[in-house]
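A, B, C and D are the chain letters, set down in written order, and residue numbers restart from 1 in every chain.
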Amino acid sequence: MAALLEVRNLCKSFGGVAATDGVDLDVLTGELHAIIGPNGAGKTTLITQLSGAQKPDSGRIRFKGHGITRMPAYTRAKAGITRSFQITSLVLDMSVLDNVALAVQAHDGHSFRFLKPARKIAHIRDTARDWLQQVGLGDRVDAPTSELSHGEHRLMEIAIALASGAELMLLDEPMAGLGPDESARMVTFLKGIKGTKTILLIEHDMDAVFALADRISVLVYGKIIATGTPDEIRANADVRHAYLGEE
Amino acid sequence: MIGFGKSSWVTLAIMAILLVLPMVFYWNGNTFYLSLATRLTILAIAAVSLNLVLGYGGLISFGHAAYIGFGAYAVGIPTYHVFYGGAEGIATTNGLFQFGVAVGISALFALITGAISLRTKGVYFIMITMAFAQMAYYMFLSIEEYGGDDGLVIEVRSKLPLVDLDNPMELFVLSYVSLVVAMLMVRTIIHSRFGMVLQGAKGNNERMVTLGYNSYLYRLVAFTISGAMCGFAGALMGNFSSFISPEMMAWSRSGELMFMVILGGTATTLGPVLGSAVFIVVEEFMSSYTVYWHLPFGLMLIGIVLFVRGGLMGLLVGKGR
Amino acid sequence: MDYGLLFIQTLNGLQLGLLLFLVASGLTLVFGILDFVNLAHGSLYMLGAFICASLTYLTGNFLIAVVLALPATGALGYLLERFLVRSLYTRDHLDHVLATFGLILVLDTLTHLIWGPAGIAIPLPDWLDGQVEVLSGVVVPTFRLLIIAVGLATAAGLFWLVNYTRLGMLIRAGASNRTMVAALGIDIQTLFALVFALGAMLAGLAGMLVAPITEASIGMGNNIIITAFVVIIVGGIGSMKGAFVGALLIGLIDTLGRSFIDDLFKLFVESNTAETAGPAVSGMLIYILMAAILAVRPQGLFPPKVR
Amino acid sequence: MKRLITAALAATMLTTPALAAEVKIGFVTTLSTGAAIIGNDMKAAAELAVEHMGGKMGDLDVNLIFADDGFKPETGKQATDKLVQQDNVDFVTGYIWSHILLASRKSVLDAGKFLISANAGPSQVAGPLCHKNFFSTSWQNDSTTMAVGEVLNQKGVKSIYIMAPNYAAGKDMVAGVERTFKGTILGKDMTKWGADAQLDFSAELAKAKASGAEALFVFYPGAAAGAFIKQYHQAGLKDVLPLYSAFTVDALSLPKLQAANFESVLGSVFTQEWDPSLDNPANKKFVADFKAKHGTYPSFYAAQSYDAMFLIKSAVEAVNGDLTNMDGMRDAMRAVKYDSVRGPYTYGVNHMPIENFYEREVVADADGVWTTRVVSTVYTNHVDPYATECNME
């Protein structure tokens, strides 16, 4: 299988502290690749560089064989990379449906009827409604986003990532702050879409990671110290050391 | 939003009052209230244009008074040359030309300054828009030929087909119709897909970028449209007051425009109109009683910020969102 | 080029810059730490001048008046924070701009009511009223040298306060992490009120220093507040170093611009045009500078590290 | 809302039928900002004039309406519009500032009312924009400074440096000195004016001193005067660069300067068409009563405002209160049928006064209060230089 995303020797530091320190990473088409690591390992910094929100100091990122290292965030999104946010990042003063519709609209192509009220464009609204149905928010479409619970917001993030039609989804701790029931619901859902999308998952919930991931990379102090299947990672001495040494 | 909610009825009712009341006064022989209404209507257009970026786009422009100046000078300067010679290429009283220039120059200024300003955010954006407006202010201050500090008297009003701007009633009706068109334009824009992205970027810009929207470009377009509309209001203002001075472009005027929008209620169709109406009427009313009217006026402004969330529209129709 | 004149104008620019620093430092403290946009900061500058003027006539001595007026303006700032500003912290910048815009109107009108429209001239003690020959043939008013000295001393004091004291530590911590300071058991409300009062005192001091030159007049604050904002935007909001560098930069550019730009223009255009274009362009200079700096560095010269 | 409309309608119905037993006079001046010091002085004088008239012009009651121009042309024009359109006044007077007069004049004259400037005298209204319904009780801007130019020549001054605010009157004032001064002008600074006027003149004063001029001419009216004099004093320029001014030292700035004890202003020289010490009955009564009422000397602004009210009175009385008789009133005003506090004067073709200009100096009066007195007469019956450009029908 070819690598959809290739990262080579990626470096980024803040005020002398290296947050990303020569990361090499391949995410293969169709796999669910998880990144784990202790707090402060630089996981979110890595995601922001992949999505384009921050520019790396050095190194290369290739997506589908094209260099995207210096590409602005919005063109990466157009090229097929989307991300969800660790801290819920939605347009709170719009309705749930509007939020997802904006994601659908982003890759809907241009229309000459650009003055037509957006809320009257049936195919966009319908597609958005479908995605919300899929993540189980079918009955909340018209609610103001600000009124939804934290768990529902996490699901919205997933719906938006899916609706944006991206080939590669960068999910930053989708389980953060969820209760056991909600976490289980999220795991079930991710299992369901596994294989249809390439997913790079950052997650603290180890049970979820080992249940979901095809491959796992371990990030410690801005470096990848191991990559492999869940079983390989479980057996890896370095990983055990890194984790046990920490806790 | 679609169909007739309470806010739509309030909008219709207030717009009807704004149309009929000045006319009644006029036919009763009181021209003053018609001119008050005309000034109010023109400022309302400016406020509506500001609301597009400020209310819906979350871009706090502290320099919109500059566009009123551009618009007014676009009327004043060609007329000046008709009377005092020079610059034959632009010497004309043709209103279509003048209004065209007003809109064109304003759009251009908004495009250029917007391109730079939109790189910044927050208070930096507030202050850089003000800085550009101050530059325009000082520029007109320095052009001796057009009066500099003293301002420029516009000897004759724009000549337009169908309407005679020297007739106060026709000037009022033109301003009123322009206001309605401006309101409808903004409404159409914000409900379009473009407008959804603009509002999305106000709520969460990073999300819009992550979805693949070049929100910088969306904002720049909105900023340019807003500037152009405000320039149009300026051309009307020049015709209304027959006088322009750089003072009309000073930062405090931009502040007043902001106030009108907030007072009425940001991100609402009627809010800016209501805000300018109340602002102008209260100002007129208070200032005719005492030269110390800034005191109660200032207290009123503070009170509104502190106690009235969502502006007057919030009071009238309840918090819509 | 007349070097004597250049020297004097540089000194004048330095003096204006230091006055701007006094206003801007308070503004940047309030802005950086309280995250509060205070357009009415200029009104405190004006009130400082008026209070000092009244006290000068009451006590018969300008210096005693300054000493008394400083805590008075500080107290005024404290009251403002306590009764108005505090309830605005949770609002967005737009609300700050609007409420303080209203506050300007209120304070200007109150000043008009209390002190009348005329403005008040402040007499100086004789030893400050004269001139000093700083270089041969270069004579400058003594009081302007005093302003420079007070400005530099205040700047030094502020750097010491912010960098080496417990209050300064709290201020710096409060700027980057408000919840952390609260968690340390510090009464953040009192801290904020103190910072606001300090800002008011600094603005008031600038007003007191400028009043003997111009006079205490209504609306004097509205002229300087916009320039002070330009200073902190150029310098980077919340940065004391930025406010200092920005203030000196703006002060020098403004003064030297006013002084030499029409001579510069005369090299290119006829003298009449130069005389009228000069003042206007020198008025624009600081805004041009600000736009240029922001175009390259959208967060000013010394952007705060963590926001 | 409905109640509001009904009330508003009722209000207009009530105001429409005007009772013609009064003469309505609009008075536009600056009542807010620091320049209100001038406006308040003018207001006091106009009120004193009405008091002296017993509240009557002929058989008509005087209804004097004051309006604030906020020191801004646009606001001044709005205030004027309101007086003309809503209050339907018969005369509009006042106007300190040239640019505000220029912005407002069309509103008054197009409505067919009389416009009487009690201070501003921009060259335009004396020349190309002169109008049959416009009168002045002050001067054309250039005239006073032309007199300064003459004084400079008389004193043998060979070179001067000029400072003035950059607005209509500032330019005219400078033009006046330049017209009559025979020496060389070594430099000129036009500083920012208006609500946010420049008040720190350090850069300009340093330039003036470096220029090597023999004297400094300035025009800084209102609040700026105090600031200028002080900095001039602090810069120690009194002996190096003697000061010649116009409209800078006056009854408004002197009390402030005396309070701050700026003694260097004593003896300084300037020119004016009026002085509190002028010896005529009208002036004696005016100055005495003004001092009694307000405790200070009236300023020239006050004197001109007082005159404006009596000029209007003479017009109203000449037509026996028939305010529709514009021609009659105009003829009466042209003939100057009242006793001006400056003494007799006449009107030129452009309705600008043809009057005397005096050299004045600052002195302490018998009570030690700083005031001014006449030193000599510079011009007798001076005609302003723009009269020839006026083509009145």
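Just so we're on the same page, a contact is a pair of C-beta atoms (placed from the backbone, for glycine too) under 8 Å apart; a residue touches a chain by one contact, two chains touch by 3 or more.
Keep in mind it's a predicted model, so treat the numbers as computed, not measured.
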Minimal step count in the chain contact network, subunit C to subunit D: 1
Chain at maximum distance from subunit D, centres defined as averaged CA atoms: A
Centroid distance [mean C-alpha coordinates] between subunit D and subunit B, Å: 36
Centroid spacing, where centroids are CA-atom means, of subunit A and subunit B in whole angstrom: 43
Centre-of-Cα separation between subunit C and subunit B, whole angstrom: 32
Centre-of-Cα separation between subunit C and subunit A, whole angstrom: 48
Multi-partner residues of subunit B (each touching 2 or more other chains): 141, 148, 294
In subunit A, residues with contacts to at least two other chains: none
Residues of subunit D whose C-beta touches two or more other chains: 31-32, 36, 166, 192, 195-196
Chains grouped in pairs wherever the two touch, ordered by label: A-B, B-C, B-D, C-D
Complex contacts: residues of subunit C adjacent to subunit D: 2, 4-5, 8-9, 12, 15-16, 57, 112, 116-124, 129-131, 139, 141, 143-144, 210, 212-215, 217-220, 222-223, 255, 258-259, 275-276, 279, 283
Subunit A to subunit B touching residues, read off their complex: 51-53, 72-75, 77-78, 82-83, 85, 89-94, 98-99, 101-103, 105-107, 111, 114-121, 144, 160, 164
Interfacial residue positions of subunit B with respect to subunit C in the complex: 54, 60, 62, 116-117, 119-124, 126-128, 130-132, 134-135, 138-139, 141-142, 144, 148, 251-252, 255, 258-259, 262, 292, 294-295, 297-302, 304-306
Residue ranges of subunit D in contact with subunit C within the complex: 31-37, 39-40, 166, 188-192, 195-196, 199-200, 202-204, 206-207, 210, 223, 226-227, 230-231, 233-236, 252, 256-257, 259-262
Subunit B-facing residues of subunit C, complex: 31, 37, 39, 84, 87-88, 91, 93-95, 97-99, 101-106, 108-110, 112-113, 222, 226, 229-230, 233, 237, 273, 276-277, 279-281, 283-284, 287-288, 290-291, 294-295, 298-300
